[in-house]
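For clarity, chains are labelled A, B, C and D in written order, and residue numbers in each chain start from 1.
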Amino acid sequence: MIQTEIGYTTPDTISVRGKNLATELLGHIDFVDMIIFVFYGRLPEPREKAMLNLLLVLTTDHGLTPSAVSARLTYLGAPEALQGAVAAGLLGAGSVFLGNAQNVAEMLHRGASSLDDASSDQEILLRARELVQDAKAKGVRIVGLGHNIHVDGDPRIPVLIAQSKAHGYFGKHWRLLLAMEHVINESRRKRLPINAGGGVGAIMAEMNLDPLLGRGVALIGRCAGLIAHVAEERDRPIGLELWDLILKQDPRNVLPE
Amino acid sequence: MIQTEIGYTTPDTISVRGKNLATELLGHIDFVDMIIFVFYGRLPEPREKAMLNLLLVLTTDHGLTPSAVSARLTYLGAPEALQGAVAAGLLGAGSVFLGNAQNVAEMLHRGASSLDDASSDQEILLRARELVQDAKAKGVRIVGLGHNIHVDGDPRIPVLIAQSKAHGYFGKHWRLLLAMEHVINESRRKRLPINAGGGVGAIMAEMNLDPLLGRGVALIGRCAGLIAHVAEERDRPIGLELWDLILKQDPRNVLPE
Amino acid sequence: MIQTEIGYTTPDTISVRGKNLATELLGHIDFVDMIIFVFYGRLPEPREKAMLNLLLVLTTDHGLTPSAVSARLTYLGAPEALQGAVAAGLLGAGSVFLGNAQNVAEMLHRGASSLDDASSDQEILLRARELVQDAKAKGVRIVGLGHNIHVDGDPRIPVLIAQSKAHGYFGKHWRLLLAMEHVINESRRKRLPINAGGGVGAIMAEMNLDPLLGRGVALIGRCAGLIAHVAEERDRPIGLELWDLILKQDPRNVLPE
Amino acid sequence: MIQTEIGYTTPDTISVRGKNLATELLGHIDFVDMIIFVFYGRLPEPREKAMLNLLLVLTTDHGLTPSAVSARLTYLGAPEALQGAVAAGLLGAGSVFLGNAQNVAEMLHRGASSLDDASSDQEILLRARELVQDAKAKGVRIVGLGHNIHVDGDPRIPVLIAQSKAHGYFGKHWRLLLAMEHVINESRRKRLPINAGGGVGAIMAEMNLDPLLGRGVALIGRCAGLIAHVAEERDRPIGLELWDLILKQDPRNVLPE
């Protein structure tokens, strides 16, 4: 049967997950409620909503990230199609960027399955040592640690931890990740701190978020950032200068004075 | 100079529009604040925020719209890439869908430039008659009216009007659009009511929203709807059945029993 | 060093892989030569070129496949942006569609590593039995076999075999795939024939094609098919009818007469 | 009726534009034939095919153009999805890039409608003067002239002219464009030569190419170039270095040593 539980339409009603869009949703719930409602058919708990807002603000973007650059260069050639520039920016949000958080969540789900939120610090530390040794023995890289710019610690991590604690999402997954960070750094000269993907993965694990929703939240947040970048590109374009800058790195390219 | 006012990064800070992401934004503002903040560098007024929520919930989507179908059919072939399915769904949000609202906003900005919010109903009606006659004389179609399903009136329009009134966004643009609807329907047997694009266009005009932000809000909202569709496609797939259904419309296609 | 070996530009020359585009390539080589030249920096052998043409024609598309439907539905909403409709259609060419051929190529590379082109039919059959038994024991599905429409044999396979033979690309990989098809069907009532993905995978393995070029060739071919679909959609649109057809499958949707 | 003339399928045949894909097309025609065949349902004339090859080779790309950079930056974040990187690169092929050639073709169709291929040089020049003066009077920019790198003449133009002459596509549209270039440069100190978009537009006008096919050919060609860029990015990545390079342009970004 070809149908969706997401919604249906008649001449005088539009139904979304069993509610009347016009009379029961519009003006009654806000967008973050709607993200959860259209996905699960229920409204978020207050603490869920607080965390979703946190993840959405986190992923909105900042500065000239690869996705912002792709969106701006796409707008340069196709200013008639905002949707194309946004799509180009989102297409880079794949396994490396979004997959990082998802892989951390999966690692923590598996790694913490024998633990519970009431496990002692000692038990958590023991498990962390096992996981780190196991990864070393297998030559597997542990995900969620290390950042090329924030080499001494990602400034977002303390606030992600504080917010997780404030909203009751600081359990065995967060504790295991912090313990793994501790174990790994015992034997290193150069610190390898938890990165934002690691923190988001811990939150996804604590919230037991559907992986598609976890990845999806990042796409929604990034969408907002890309729109701001495209608007700035329209008003103060840097695309052509970027192109020149890139060409000039190879002396074989000769640009006129 | 290649730089953006949207943000920059140092080893221990991430700055977005001059605020510290970690200490001043995360946990302090919600996502709808962030949409405005990353775009304009200021927080929204409460009434702006209420209207943005309204537009975001409105565009989240419902049922098997073309963009939901494209996203699902894309996921069928590339389940490894949520971002690709979402991008495919967003790429249809172009001039016909998003442009409709934008064209209405432009028509109302131009049409109402000689009016103000205090103009009398009589003045508004007079202007509406001029615009409708002018469009007829030029053979130009008036945008924002008519719907293939909601033939007797789009159920979203009353709530868009009520919310606009409640938040102080019911001025000359809304009044002109309603007057144009009235004038057009004086001489028609089959009613041509304001559609959702018309209502969104009136709101965009009342809010004096940057057209890129107006289009962008619809992309953000739709993003949430597409993620829900892809998750449902993963859990209760209809893509292959859809393909069969489409092929069966042409008797030259012969499918095995 | 930020540079590419693909090309560079000066005020009076454009260089592609070390050749002058204007004086050495344009009018001197055709597009299929160029596909190989820009990728590898050398021209194709005649037999390579014949096979590339075969793969390109094969993947151009036919009928209302999911990618054609996505492209048409995208064009419906964004007719200003051909590139968006084509991109939406290509985004479905992921792991299920393109990955099938690539997985077959990898299975054949691994499976045939102990064989050579001069191996006897008996040796090949023995290896095929091992691989099929091994897959059964592990509960792994063998890729490249079975088709939902061409249940008694994909009509493209005989011509792919004949062309592979004609051009010297019928070696151990093709022979192993055919032997595996034979072994699997010994014990089945309903035949499970080699599908197009299986045939393309065998050819990719015989040609030792770079996986990105193998996947890329399908994208280039499909691009041509999608453009034809979009042009037909412009001239004889079916998008709105498709939307209606889909909605009508769910009786909760009520469309006006 | 929901059907396409492009193709249909039965258990033992696949039909494309009325031909049997397996027995009449595969191995019988090459890809450039197929591009025309799937679009028009007929094979190209030899001269058409020569020109299509020319346009495809021309648009394959070279160097680090914006579309190549977008594709590489997309691959950086989503290496699992070649189709996404290619789509991101194609999405920039919009009105500025592809539209340039199309606008030239339209300008030449309109401008040359009162001329024919046998018009004298004097008549052509007169018409060119009218068009240039008319554009100046209206303050409209004439498209197809000027290039930021090839300031003294685009090296591709002579070969496009020579090939057009060789294949019988050098008629009133090319002559008018050359005459307009002459007229414009009479009164300028800094030369404004015909650019590649201008040349492609003249060829599109001479061939009377469907605009969607004209734009489509550029997408097919570019697809090949992007695949080569992605493969090079896999083998000799420059994406992260590019990101660093871009960040370093703004001194507010501080990267660790």
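The rule we apply is simple: contacts are C-beta pairs under 8 Å (C-beta built on N, C-alpha and C of every residue); 3 or more make two chains touch, one makes a residue touch a chain.
Bear in mind that the values here come from a model prediction, so they are computed numbers and not experimental data.
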{"item": "Number of steps on the shortest touching-chain route linking chain A and chain C", "value": "1"}
{"item": "Chain labels contacting chain B and also chain D", "value": "A, C"}
{"item": "Repeated interface matching A-C, over half of the contact pairs identical, chosen among C-D, B-C or B-D", "value": "B-D"}
{"item": "Type of chain C:chain D copy interface by residue overlap (half), same or different", "value": "same"}
{"item": "Distance-maximising chain from chain D - centres being C-alpha averages", "value": "A"}
{"item": "Chain A-chain D separation of Cα centroids, rounded to whole Å", "value": "37"}
{"item": "Centroid distance [mean C-alpha coordinates] between chain B and chain A, Å", "value": "25"}
{"item": "Contacts with two or more other chains, residues of chain D listed in rising order", "value": "1-4, 8-11, 15, 63-64, 78, 80-81, 83-84, 87-88, 91-95, 149, 151, 242, 245-247, 249-250, 253, 256"}
{"item": "Chain contact topology (line, ring, star, complete or other)", "value": "complete"}
{"item": "Residues on chain D engaged by chain B in the complex (per definition of touch)", "value": "1-4, 8-11, 15, 78, 80-81, 83-84, 87, 246-247, 249-250, 252-254, 256"}
{"item": "Sites on chain B touched by chain C in the complex", "value": "63-67, 69-70, 73-81, 84-85, 87-88, 91-97, 148-149, 151, 239-240, 242-243, 245-247, 249-250, 253, 255-256"}
{"item": "Residue numbers on chain B that touch chain A, as the complex places them", "value": "1-16, 20-23, 25-27, 29-32, 34-35, 38-39, 50, 52-54, 56-58, 60-64, 68, 80-84, 86-88, 90-95, 98, 149-153, 155-156, 158-160, 162-163, 166, 210, 212-213, 215-216, 219-221, 223-225, 227-232, 234, 236, 238, 241-242, 245"}
